[in-house]
């Protein structure tokens, strides 16, 4: 009854007695002291190396700085968004291929999914950046980053979609077939919409991976947040502060995306497969 | 360039690149397991500051892009008089990020145990350490096999960050860039690396599945 | 020293379980109000009451699965401490059977029964296994000894949980709604095992919704509502002529449900 909403995190230790409470208080104080010392040392290191100087941080009080970063962020989001859409489309095809009754189609799709999942994004990027031009494939910079990021994510998305399809109760298909629907109609009208809803949280989490991968845009010199940060650095000669702030922006966006994913998952926690 | 010409010219470099990737992956994975376990112990401890710091760690490092972390380690830290070798920087970046995910997997592995079994252990008269040893660790470990398999593959993919710094020998991704800037390696160079990565990932996945099938806990 | 004194003071009349002025709050909710209860050796006490009455909490305070804010709990005359080795030792002397079985999912049925004696009582492996098999036979699941909990039905799991508790040779066993998570057709097999234990003179505190069972097995009925023991009575008297209006209402709602 009372244990219903307790996570393992709180159940691992039982309610402390007076001695344990004392011990916890002791370690709390000790850890606070250590923590304070660490923070002090870090700040001191910033101070003695002059990295706390106003010249490194004053640029963040200017609106133009933020406008410029926002411009970069727009580029990042554009790549992330288009990558996601492209990767979803590829993933959908690979997933349908993998669950196909045709053995050859299924085998090829599985192999493609494994390839996509087993190759680092950077290798895909080098393919489009260095190898593709040798094959006569000259792409605009935007696609040189967007396509590899999409291909790299597609395998995982395909597997996420497949787990969603597997989570749809068999009875749904049987009922639809009993109504005289064709296989394709059953899949597009009945099974997939439900599967999609199951996996929305996982798809949002996948956005985080896509967004992280877009930071490799500098390899192909596409003007994303990271690239604009570099411009700021050379303009203001403030490397440390700009990179820290930029990293923080990425962390914040991804944090919010993860939060959204968890919120959606919790919202439909009764649904099977939603946790995958 | 065909595969034979490529291998005769760059064969040894390829072998070294493969070894670099494996070495990086293995060391980072082991370090990430250790760090992830420590972070997890902090996260479940009753000492509030430890919890807060460990939670903070996980949020930072599961959300930071690998390239951003590497750039900070390589280019920003020297401004604080912290100078790392390129290899150390890559190894640290490839450890810190997977460690955050390792902790997340361990937490969810522990959450599947359920509070009831802990209470049952307690009611039998087991002390805290006995219940951890007999109930929590065996179950958390056994249900973490598949996530940890995925983590190993993810660590290998993250190790491609090595291609972003001048390393000698470079890794499997770096060598594609190297060959393509020194010769016209074309598709072949890319394919060799792709197959080595992917083959390794598939083998890791297979082994993980085998182990999981043996130790999986029915629920 | 204090323990030695306790031991010498202990007599035949020392209750196996005793609660003195126990109080407990969940935030602003006062879940146990000045609860006093003593259970003698060999006695079967059944706690009943509406859901949310605090009966389960009351049962779980006895081995400190739930903490208390005030009052005292004594196990066989010994003060139940708030922590430490002594708490663990006293817990090992009081068995508990949970609503949701709580078998260790990664261990076989046999290991579930032997782990307590092995880890806590340091019984040799062979001895622990022999006894475990005997106990599993007694509760009728000896043929399943090498399966894992998930392969057993709920009724079988709960019987294993009882065997696990018996393996510790407890002075008393607490049952926290042992049949509430079971399908109706499995309730009987578990209640039969408990009834058998009662006949053998096991000291037990049982929280249950099964009124026929309560009437059959109890030496004493405790009726709890809003965290207060409203009535202590023999089963006959309680079910035929309850003293309080609330107990009458409670029994009537049960009848209304055609139970």
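Order of writing sets the chain letters: A, B and C. Residues in each chain are counted from 1.
Quick note on the criterion: a contact is a pair of C-beta atoms (placed from the backbone, for glycine too) under 8 Å apart; a residue touches a chain by one contact, two chains touch by 3 or more.
Source: prediction; values computed, not measured.
Chain-to-chain contact here is organised exhaustively, every possible pair of chains being in touch.
Interface comparison, A-C against A-B: more C-beta pairs in contact at A-B.
Distance between chain centres (mean CA atoms), chain A to chain C: 49 Å. Chain A and chain B, compared by their mean Cα positions, are separated by 16 Å.
Shared interface positions of chain A, defined as residues touching 2 or more other chains, are 14, 16.
Residues of chain B in contact with two or more other chains: 113-114, 116, 119, 122. Multi-chain contact residues of chain C (touching two or more other chains) are absent. By the touch criterion given at the top, residues 1-2, 14-20 of chain A touch chain C in their complex. Against chain B, in their complex, chain C makes its touches with residues 63, 65, 85, 88-96, 98, 100-106, 115-116, 119-120, 148-151, 161, 164-165, 168.
For chain A in complex with chain B, the residues that touch the partner chain are 3, 6-9, 11-14, 16, 24, 27-28, 31-32, 35, 45-46, 48-49, 51, 114-115, 117-123, 126-127, 130-131, 134-135, 208, 211-213, 215-216, 218, 226, 239-240, 243-244, 246-247, 250-252, 254-255, 258.
Considering their complex, residues 113-114, 116-117, 119-127, 130, 134-135, 138-139, 142, 217-219 of chain B touch chain C. Interface residues of chain B, counted against chain A in their complex, comprise 43-50, 53, 59-60, 62-69, 71-72, 75-76, 79-82, 107, 110-111, 113-116, 118-119, 122, 128, 132, 136, 153, 156-161, 163-164, 172-173, 176-177, 180-181, 184-187, 189-190, 193-194, 197-202.
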